[in-house]
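Got some structures for you, see below.
The following pair of complexes shares a single chain, subunit A, combined with subunit B in the former and subunit C in the latter.
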Partner chain A sequence: MIDNALLVQMLIGALLGLSVYLPLAAGQLSLATPAFYAVGGTLAALLSTRWSALGATPAGTLPLGSFVLELLLGGLLAGLLALLVGRLVLRLQGIYLAIATIALVEIVRVAILNLPFTGGAVGIFAIPQPFSTAAGYLLPALALLTLAGWVCQRLKGIPLGRAMAAIRDDELAARCMGIDTTGAKLTAFVLSAVLAGSTGALAAHFLNTWNARQGSFDASVTTLAFVVLGGSRSWLGPVVGGLLLTALPELLRPLGDGRLVLFGLVILLGPVLAPQGLITPALLQRLGRWGERDQPPASESQP
Partner chain B sequence: MSMPLLEVRDLSRRFGGVLALDRVSFAVQPGEIFGLIGPNGAGKTTLFNLISGVTTPTSGAVLWRGKPITGQPPHRLNRLGLARTFQNLRLFDGLSVLENLLVALQRHPRSSAAGGLLNSTGHRRAEGQRLKTAWQLLEELGLIALAERQAGTLAYGDRRRLEMARALATGPDLLLLDEPAAGLNPAEKNQLCQLIGHLRQRHQLTVMIIEHHVPLLMSLCDRISVLDFGVCIALGTPDEVRRDPQVIDAYLGTGSGSGSGGSMS
Partner chain C sequence: MIETLLQTLLNGAASGGVYALVALGYTLVFSVLGVINFAQGALFSVGGYLTFLLMGGTIGVNGALPGWGLPSGLPFALALLLAAGGSGLVGLLVERVAFAPLRRRNAEPLLALITSLGAGVVLVNLLQLLMGAEGYAFPPSANALAGLPDVLVIGGARIRTIQLLLLLISAAAVVVLSLWLERSRGGRALRAVAEDATTAQLLGIPSSAMVRLAFFLSGALAGLGGGLIGVSVSLPGPYFGIGYGLKGLAVLVLGGLGSVPGAIAGGLLMGLAEALVPGEASGWRDALAFAILFAVLLLRPSGLLGRRTVDKV
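So, the complex of A and B:
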């Protein structure tokens, strides 16, 4: 039932879940992930179809090096956009930040829809393929997810990650403890954008076509649901949420039209039955405490 | 006289129609323990908020070692050497006791984010130093046994001490304590008093302290300033303040019986 194409989609879901998680780990409810995803995807689609130096062939193949370069550039462009926009929108808090980031998603969507070179409503299609089968995308998607997960895991033991956790708990207290909260929030926002941008570049090739609908308000809600269902206290939560919620509609396909109702029920009941999400710190501790709050040399260095 | 560590000049703060603080001036000398008392709503916490950069003054100036610092954001002021605690305790409840200190220690010493991600030797060395300082502070404040506990689960007195430890971790010259003894029993109040004296010695601190418990303040402070309705009505040694008729009037409500005892310029 789960084929390679669905697996790649699930990994993309997990990556986008992590992208929503990163600002949330610093207490910032940003729904801008689809905007950065769209920016990365559009850049990759444009570059590989228009820029001959990348070495796309008429048969529709693309050298692997060019693909990797696009992942980097997609992340870079999204990150730069986040740097510009973040300074402005991160002054807002809570629901106001959420609304401002939804506005960003809409602005990017309308821009991509109307720019003269992005193909309008039809979008860009016949995007060259670095791999001949869907299975080929598994490796880069998994590599990206591993890298993102590694960064999230490392964050817990370094000043930046601690600053983010402190801001999430009490921003004013964090400021009074000498933490440049603006900088930490902006860094989290930019990291989130870089991840979404690279994911978009990967998705553009995988999907073969790309248009403005890829980054819509719907996607904001879906990606947020990944984090809500999976849990936001550990980076494993959004990964699990992204994998499950991407797979679910496909797995329920035999149910016909009823599947969307069931999907809706899962999203509705998830937070009711598991308010902290599926992956909670307590669960991780029981699982052998490798995911959450590992105590590095702390206990040993006690005098 | 040496240069004051902190000076406040004609500091005023208005909230809508309320003048919470009205042209308050004083100077805090290095090494002293400076007390602030006054009835509820007198403007004590407002004054702390202005000094620590949490709110900006309507007019007036704050000087740090003679240089104006008015309007600077809290994290800059903290890096200058000014740390505070909060009346209503603002710990990082989701983090462990040790992590609360590590957050405050992140610039002591500094290390780069990239080095941290890659677990460079520089990062590990910095982290080792931070842990060492953190454990020292935990020991000093009697929190060692609680190091791994989540801050949100601590008992009240422990939370108060953790807040002080966290403020100390930022390496301040001036420590602002906002009602550190609130909610403590008499024995704990005494311990706290000794602790503050001990910390001042050990960390070469200057301390500003807001406290309602007058005996504690009288025994602890070198000088005391009395606020009433946003106005500084007295400033001096504990003995001078104790005998000041305006203070007696404002604090004990003797005399005319009009609610606003000390409202004069």
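So, the complex of A and C:
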């Protein structure tokens, strides 16, 4: 039931989940991930179909090097946009930030729909393929996910990550302690955008066509659901949430139109039934203890 | 020239009135609970489809019950009123499922955002299951509003009667609601809960009943908007309310979260601004609301008529 194409989609879901997680790790609820995903995808679609120097052949193949270059450029463009927009929107807090990022997603969507060179409602199609089968995309997607996961794991040990955690707990207190809250929030926002942009570039090739619908408010909802269902206390949560929730509608396909109702029910009931998501700190602790069984038990006595 | 301008302004005011309805719906819930009900757009769709069915429309071939419809349609005014009430009831249901469980356990407000989005997804897709994804035009009886002509000529400007009616009905709804909030016992109780739920409870105001009332009214406003837009334009598919829900959000911020006059002024401003976009750039019209929203958030985060808040340590 799970074929290679679905596996790639699940990995893309996990990557987008991480992109939503990064600002959230600094306490910032940003729904802008689909905007950066759309920007990265559109750039890759445009470059590979218009720029002959990339070496796309009439048969629709693309050299691997050009594909990697596009992943980098997609991430770069999205990151630059985030740097520009982030300086402005990150002054906002809470629900205001969420709404401003929804606005960003809508503006990018309408722009891609109306710009003269992005193909309008149909979009850009026949995007050249670096791989001949869906299985080929597994490796780059997995590599990107590993890299992103490694960055998230590293964050725990370096000042930036600790600053983000402090802002998440109490921004005002963090600022009073002399933490550069603006810088930390902006870095998290830009990292999130770079990841979404590269993921978009990968997805554009994988999907073969690209249009404005790729980055819509709906996508904001689903990517946020990845994080909520998986849990936002550890980077593993969004990954698990992204993998599961992307697979769900496909696995439910036999149900026909009713599957989206069920998908909505998951989003609706998930936070009620499991407020911390599937991957909770308690679960991680138990897993960690299980892994370190040989060592003497930790002497912490938390209730 | 002046006629075209008048025409444009009236069209703008008419859609602005609907935006104001949606934004007021958000405002009611936000002022009482401090959260945003993201299912508002779906309730807008629900209102549109309810009005359609109540007026005697039949379900299309892709729906769950093709060809099914009420034996006879209700007149427009009654159908609209009942549809608004029905959407209000669905709003109550949303409160029960998406908000109440979280409130009972004092969960973080972020979660209510998600659950209400989930409720919206469920509602829209249930509509799609029931009615199919196709568009619906209202039965012709909808246009024969009490024998009024389709088009009125006012001072040389040709205005669709339904647009004018839309403006009048939304204006009436807004005025009645504001007066009720300002003057009546129930309205004052609602505002007391919005100010401080605990104190209100201590003073003998049933807070949770007031919360439910806010959700009912909020759903009814969205449903009213959906019915009006459906009659005036048509129903392009179950997702059509989502776009209005998002624009209502923009209006909400434009006017200032929680401010009733702000929601009304913001709605009108947004409708007029959109109407003034020239035809050649109509593709960009949908971005205008959000561009304005962006500008307002950056220049004046508390909105045009909102109160500034100060962080306390």
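Before moving on, here are some points about what is shown:
Definition applied: the second predicted complex is superposed on the first by the 288 of 303 C-alpha atoms of A that agree within 3 Å, B and C clash if a C-alpha of one lies under 4 Å from a C-alpha of the other, contacts with A are read in each partner's own complex, and residues count from 1 in each chain.
Keep this in mind: contacts are C-beta pairs under 8 Å (C-beta built on N, C-alpha and C of every residue); 3 or more make two chains touch, one makes a residue touch a chain.
These numbers come from a predicted model, not from an experiment.
Of the two partner chains placed by the overlay, neither subunit B nor subunit C lies in contact with A:Leu191.
Touch criterion met: A:Leu172 reaches subunit B and subunit C at once. Of the two partner chains, subunit B is the only one touched by A:Pro159; subunit C is not. Legend: residue contacts after superposition of the two complexes on their common chain; A:Arg91 is shown touching subunit C, with no touch to subunit B. In the superposition on chain A, A:Ala82 contacts neither subunit B nor subunit C. Once the two complexes are overlaid on the shared chain, A:Thr181 sits against subunit B while remaining clear of subunit C.
Comparing the two interfaces of subunit A, the one with subunit B and the one with subunit C have residues 172, 176 in common. Per the touch definition, subunit B reaches subunit A in the complex via residues 52, 54, 73-75, 78-79, 83-84, 86, 90-96, 98-99, 102-104, 106-107, 111, 113, 116-117, 119, 123, 127-128, 131-132, 135-136, 139, 144, 147-148, 166-167, 169-170. In the complex of the two chains, the subunit A residues touching subunit B come out as 151, 154-155, 157-160, 162-163, 165-166, 168-170, 172-181, 187, 293, 295-299, 301-303. Those residues of subunit A whose C-beta lies close enough to touch subunit C in the complex are 29, 88-89, 91-92, 94-96, 98-100, 102-104, 106-107, 110-111, 113-114, 172, 176, 217, 221, 224-225, 228, 257-258, 260-261, 263-272, 275. Contact residues on subunit C toward subunit A in their complex (touch as defined above): 35-36, 97-98, 101-102, 105, 107, 109-111, 113-115, 117-126, 128-129, 242, 246, 249-250, 253, 257, 283-284, 286-287, 290-291, 293-294, 297-298, 301, 311, 313.
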